[in-house]
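Lettered A, B and C in written order, each chain numbered from 1.
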Amino acid sequence: MGLSVCVNKQLKGFTLDVSWAIGDELAVLFGFSGSGKSLTLQLIAGLMKPDSGVITANGTIYFDGERHVNATPQQRSLGYVFQDLALFPHMTVRQNILFGAKGVPENERSERYRELTETFYVAALENKRPSEISGGQKQRVAFARALMRRPDVLLLDEPFSALDTPLRIEMRAFLKDLRKTFQVPVVLVTHDAGEAASLADSIIVYSGGSVIQSGSITDVFNNPADERVKRLLVGQEDTLRTFCKRH
Amino acid sequence: MDSSAFFSLRLSLQVAFAATVLIIIIGLPIAYLLARKNFPGKEVLDISLTLPLVLPPTVTGYYLILAFGRNGFIGRYLYEWLDWSIMFSWYAAVLASFVVALPLMIKTGRAALESVDRNLINAAYTLGHSEWETALKVTLPLAQRGLIAGIVLSFARALGEFGATLMLAGNIPGKTDTMPLAIYSLSASGDQEQATGMVVLLTSVAALFLYLANRYSRRIF
Amino acid sequence: MKKVLIMFSMLCVILFCAYPSGASSAEVMVSAAISLKNAFEEIGKLYEAKYAKTKLLFNFGASGDLVHQIAGGAPVDVFASAAQKDMDDMSAKGMVLPGTRVDFAKNSVVLVVTKNSKIKSFEDLATERIKRIAAGNPKTVPAGRYAAEVFDYYKLAPAIKEKLIYAENVRQVLDYVARGEVDAGVVYATDAAVRGTEVSVAAEAPELSHKPVVYPIAVVKGTENEAAAKAFVAVVLSKEGIAILKKFGFRIP
């Protein structure tokens, strides 16, 4: 159970060159906007192609530059929750979630649908359109949809950034529960230290397209490797104090 | 109004309808390609397909004769193999209408398809749906308003097509005189009354089609 | 979705039920300049009365366009143009059946004006009062070429250069004058006659001022219906045909 990522991608005026691996845990890609975190997720998902490198998940090779292996996004067993959730506006909640059941055998489909909608408390919203439900409900529908196929990895691209604080706290708890119920490695992208602090098992710090520090959350927060990491933690002193007190 | 008016009307509708069907079958995939893919020569393709919109229809008709006339660079093979020329037949009217109205479908269709949120398409891919499935279930439904607008525009243009049709299909009463051509003939020979009658008839029919198209464009998928 | 498919198929059935017919066995296609429309349609009835088995099809348009079509392989059997030039073009391209070219009608060039206009002659066109003059495009319309020759004869070119509005066929010129869109126009006498109630003939151009307006007719080389095509030409040249031409204001060369 794990994800291993080693990629190099050159864009106009920006180079991404990172290498990290995680096991069955919730890893946070942490850093300022524009440091390459979302780009990494896109490369893992196969929505963009790295210039070179290797990406494997659960023993399956998704991408290998040297051996010319490049699985299509459809072939990769991933769940992806986009920043704006990307729920299909022309489909009901039910249709949205079932859209994620591609390849699931007929007899299991309704069983999984029931299980997910009950766990996420969205069963009653079945016939509503995304425009008719609240922000928090949309979140849970997006997660349900992403989990229908029991993916090997869950990729979350700042999914809570558009929510207000109470809801954000609620969703963090939701995510922790999710990890307990569905044992699936999660890669969460965020630039919010509080979020990282409350959710991460391990943290991978990004800056300017490279990883400048990684390790457990205690390591990074207590021993920031250099100025850049310190800068990321600026303004988060309160969070750190609370965090450090507990640890 | 005599029977020739109704012949012209029926012919016009047949020609416009046939041209529109061709435009959907050929234009929609091209619009999709232009909207979603990158390939060498893409903009050249877009420009050359848009040209008939800018050229006067008579000029377009002239080029069509060069291409499809009995001695044309495509027409000569048709004549050699099938002993048949498209000129002065109702197929020529369909071809002329197709060529002049195609750019409308492509331009409108491309814009409509490009406006579909990229994230939604990416989401569908990550959920395991192939490009073809995604196009059918996500991209096309979300672009349908613009696509239907393109179809309606093309139909309207095909219905009113005159210059290129005149050149390629000729103005042959009882055979290729679509409504616009018939109106032109009548008006040119001083028969204003009949001409006006046909104008009213054509306008009413066109208005009816547009009304129906607008009504049913709301929900198809 | 289903509703749309049903409507669509119904529409298909209705429209394509009576499929527009293809070619019939004996057909004669006559391409003629648009100024010959009224006269030829009547002559056509004469022909059909005599040769009931042959289907007569007309294709009216600007002489220049008609030549393009024939050169492009259009299935035309007889060609009648409003000027020698277009027939000469056809000859040069080897598209005229030798021995069939005949001059069958003459026309005169006139200046038409709106009913209560004060214009009395071609020279009047140079005056300040006259703002717009319509004529055929000399490049594609024979009547336009004749108009240009007449203007040259009266040495009007510099004075009226800014006032000229070109139309793509003579009937359009006539229309502009009839509607008052222009102050005057140059058309054939036969055209003016067609809308006699709406326009007046201010002056007739003297025969000297332009090349003679002689209409040639010929059988197109490569016709599949030579006999029927020649028969049509014969009808045009017959006594009854000539009578019809005269009726519409043409003269006989």
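Basically, a residue touches a chain if its C-beta (ideal position, glycine included) is under 8 Å from a C-beta of that chain, and two chains touch if they have at least 3 such contacts.
Owing to the predicted nature of the structure, the values given are computational and were not obtained by experimental measurement.
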Statement: Under the touch definition above, the chains in contact with both chain A and chain B are none
Statement: Taking mean C-alpha coords per chain and comparing to the overall C-alpha mean, nearest is chain B
Statement: Expressed in whole Å, how far the mean CA point of chain A lies from that of chain B is 47
Field: Whole-Å gap separating chain A and chain C, where each centre is the average of the chain's CA atoms
entry: 76
- line: Taking each chain's mean CA coordinate, chain B and chain C are separated, in whole Å, by 30
Query: At which residue positions does chain B touch at least two other chains?
result: 221
Sites on chain A at which at least two other chains make contact: none
- prompt: chain B touches which residues of chain A in the complex?
  reply: 45-47, 72-74, 76, 78-80, 82-84, 86, 88-90, 99-100, 102-103, 145-146, 148-149
Query: Once bound in the complex, which stretches of chain B touch chain C?
result: 10-11, 13-14, 17, 58, 62, 65-66, 69-72, 75, 79, 85, 87-90, 166-167, 170-175, 185, 187-190, 216, 220-221
Message: Quick check: in the complex, which residue numbers of chain C touch chain B?
response: 1, 3-4, 11, 15-16, 18, 20, 22, 29, 31, 34, 37-38, 57-61, 65, 68-69, 71-76, 169, 171-172, 175, 194-195
- prompt: Tell me, which parts of chain B touch chain A in their complex?
  reply: 117, 119-120, 122-130, 137-138, 141-142, 221
